[in-house]
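One structure, pasted below without further comment.
Chain lettering (A, B, C and D) follows the sequence in which the chains are written, and residue indices restart at 1 in each chain.
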């Protein structure tokens, strides 16, 4: 990989924008096509891109596998947490209306956090899948 | 204690006894003491129930809801009382005998033996006191299952084969025939509670339908050993002798004929059956079994096998009498349960004692045994006389009533069967007695004495009871007559 | 005419049968998974196609538009796609481990290996 | 306040436990969380069941969107009954897993087991409680994906292939189901089951509705392993870790039966399914085939776990037989057998798990003389086996009673005869174990270390005791099943 300076430079240039684009897709989900699923995949793609260029060990150092697993769990917990917050504030489970004094603002707030949860989980799952298969590429096995 | 508590005690004492026995397994003396104490306690409970029942009360106890509308229920009526008295009384004697037999023969797994025996008694009490068909069925199956370890006690290939036949026939007939019969009764009658006069009277079933249902019942109750579902009884001969005594005298076959009596009297109702002539085929089947089993017994050389076929034929006396559908023969049937139990247990005890001392199992080997074991063979003779029906033994009493009942019913084939089978009984029992006392023992055979004293005591006691029953017949006779509504 | 106008259904049915056929007919574990994926894809089409209104736009309230596509099938199928991806990933992960254990991903070879050595390693 | 949110908590608490366990990664904590969550679910299910018994169906609108717009969680007599079964079995299996999983899985995967266990539980509970057809699909896939992994965790290498086969067939089943739901959605424009049921009579007999019925039948039948779609089941059960086998055998197929019942009688309606289509006849024929062939195949298995797996196929046949009768007693039999077979098979597989711990596998050659080496385990298997046969005084008897009663009331005597005759095959295969365990001396392959640890025996015996208890006192099971049957047939709630 060291002999591919073009790739390395382009990669270093592109990866921040990929992550930024992921965030754009994430937050634009309120107003147009977009949302956590797509954003999660794009964010994961950035890391996978990094791994392809700089090698799997480097990617594992950057985003260790424990972090990936934690991301998967954390995203689900954020999502469930929104549900429980609805409960705690006196509504039904996953009730967004009670999350703010203004029901419409409550809707916004609820879906925002749910999408954050989705982003984290989807990115985590994508990376996890990538790690699982990429890590097994060598025939030596475990 | 109230009557309901007594019923509960009668069920729980043997069950708790089984638990204690399992715990006391490592200490044989304690274990056997527990058996005897449990047996005595149970007998006391059952005896305490007798006066109110004789006075006309019907103590009852209802517990769990087996199915919506059917409770786990117990109600003591005269027939059940008689059966419970016989079974619990014989358990004491049988325990005494078992102690001697099991020790003298060095049998393995004695703790399992005593525990299963106690459980079998618990199941028997459940059958005797059951207030409805479902409760009866539950304990009937339980009895099959807890006696299986007893039948396969030796654990060898022979025991395994015998156990398969035993379980296959008893469980098979009860699941395939008896269970549908019970469910059909529930579907048509809407109840399963035993009631004098029967519960199927108003179900509006035709004669053939009732007859079919009756067939499901009498062949489904495999324990009654009506031919052709009698095969399990000879197969179970692989068991140790105390188990044979349990099967033939104390509990199992008695539970079978008891259940048949219950079904005829309290499910169908004598009048309902007689009215549509639904049971006309039953005396023929029972009569055939009586004669055929006697002929097989006549040809059997193995002593226990001969006794087993004798049981098959004696059981069919009960079914035959019950199927004549007159009160007197119903009373005779009830009484014969007790009489046959006393006589047959004596015979098995004697056979076991002979085997314990000499290792002999065949009739042809018994020459001169009576001279060396006078108590044992004396008791054997008493039991044989009772089963043939010679006064003053207990069997005479029930057989006399049977003849009377058959005459009252005007059923002359039954009279012929009873007469012929009495001759056959004599033909297969008397040669044994004759050989034992009047022939010389084979030359060169080492001498021997009696069996251990507990065994001799047990068989003497049952022989004495066989002789005493006709003279103290008030209680059993009263119960039998109350059963028949006389 | 009416047959042709339902072309989305025909495509659905074609994908469905093709996918199912691959699953059944192929012995290669990966090819089976590909068949499974095609089979699932047919369902996505089944849901999405009827939800589309010709000339309709995304269901975002705005002054200029009166005609919207039904958003619900999209949401449902988004979930179904996630499920499909998870299934595919899991199936492939299992296949990788099968390959590591048996050294093959052909079904008949694996079964033969199990027949020869029933207790396995 | 907690009480009115029970329907949501019933599912979300186990669901939340899974990521928590992944975050913690520590096996003791994982076990503690999984056990606590299972018992919480059990308590919640019992509370819900009493609420339903007292005051009729409970409806819960997720996100406060009223049905049919939002997703509705709906607990009625039938779903409450299934919830109790699923969560109850989970509550018993979780403590059992402590020793069993520690012995069968590598240390670093133990937390994964518990996370997936919670996920699977949440999925099964969600399938049962939801009133939304698509939400049901999602929960179906959650529980299925979790169970594929759980099966693949098995020690034996064949577990991998078993999991793969289950994955393929399970996914096909779920996809068939979702195709059926899609067709229904196209026709009715709703995904709420109750709403669908209200709109379908107007469309009855149209081709998409019939196609939907066919797709859903095949899809769910794959999931519930109805003969001849049962091929995935024996291997999956035989090679999964013991705790997984016990849990899945007792719950997963039962929930699928629930879905079949729900769609047949709750959505399509008895008039269409029973009155106009030959579904009862088809079900009866397949059930009879399942009972006879699977029982016979079970008889010849060399491994107790496989034997029990085939017996499961046969027992599922009894359940669908009750469904096929489509009468009050038949449906009562189906629902009550769903419960009784659940606890019976749960108990058996837990006890076999004890054997697996000591002997490695449960091949019959290793069971010689087991009655002496592992007396409590063997006795438990015998008692639960009696329930499998349907001996009176055990739970299995109650099911058989209602099956035969249903057959007799329909005057189908041959069916009654068939039900009782096939239980004789069950006698034969249970007795194979009895003879091996009690009538043979311990052989070279018999495990030596002795009885299973108490942490495994106690949960197993809890279920054995339940088998006996629910055979003697049927006030909960039969009443619950009866009211569920009436509900399905459109009678009183």
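Just so we're on the same page, contacts are C-beta pairs under 8 Å (C-beta built on N, C-alpha and C of every residue); 3 or more make two chains touch, one makes a residue touch a chain.
Note that this is a predicted model, so its numbers are computed, not measured.
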Practice item. Go through the assembly and pull out the chains touching chain A as well as chain C. Key: D
**Study point:** Chain whose mean Cα position lies farthest from chain A
**Key:** B
Check your understanding: Just how far, in Å, is the C-alpha centre of chain C from the one of chain B?
Key -> 69
Check your understanding: In whole angstrom, how far does the Cα centroid of chain A sit from the Cα centroid of chain B?
Key -> 78
Practice item. Could you put a whole-Å number on the gap between the CA centroids of chain C and chain D? Key: 27
Point to revise | Centroid distance [mean C-alpha coordinates] between chain D and chain A, Å | key: 36
Study note, to complete from the structure: chain C residues touching 2+ other chains are 86
Review point. Pairs of chains that touch, anyone?
Key: A-C, A-D, B-D, C-D
Check your understanding: Tell me, which parts of chain A touch chain C in their complex?
Key -> 31-33, 37, 125, 129, 132-133, 136, 141-142
Point to revise | Contact set on chain C toward chain D in their complex | key: 16, 20, 23, 29, 32-33, 36, 39-40, 43, 46-47, 50, 73, 76, 79-80, 83, 86-87, 90-91, 94-95, 97-98, 101-102, 110, 114, 120-121
Review point. Tell me, which parts of chain A touch chain D in their complex?
Key: 66, 69-70, 72-77, 80, 83-84, 86-87, 91-97
Review point. Which positions of chain D touch chain C when the two form their complex?
Key: 134, 137-138, 141, 145, 148-149, 152, 156-158, 160-161, 163-164, 167-168, 171-172, 175, 178-179, 182, 185-186
Point to revise | Partner chain A, residues of chain C touching it in the complex | key: 58, 60, 78, 82, 86, 89, 92-93, 96, 100
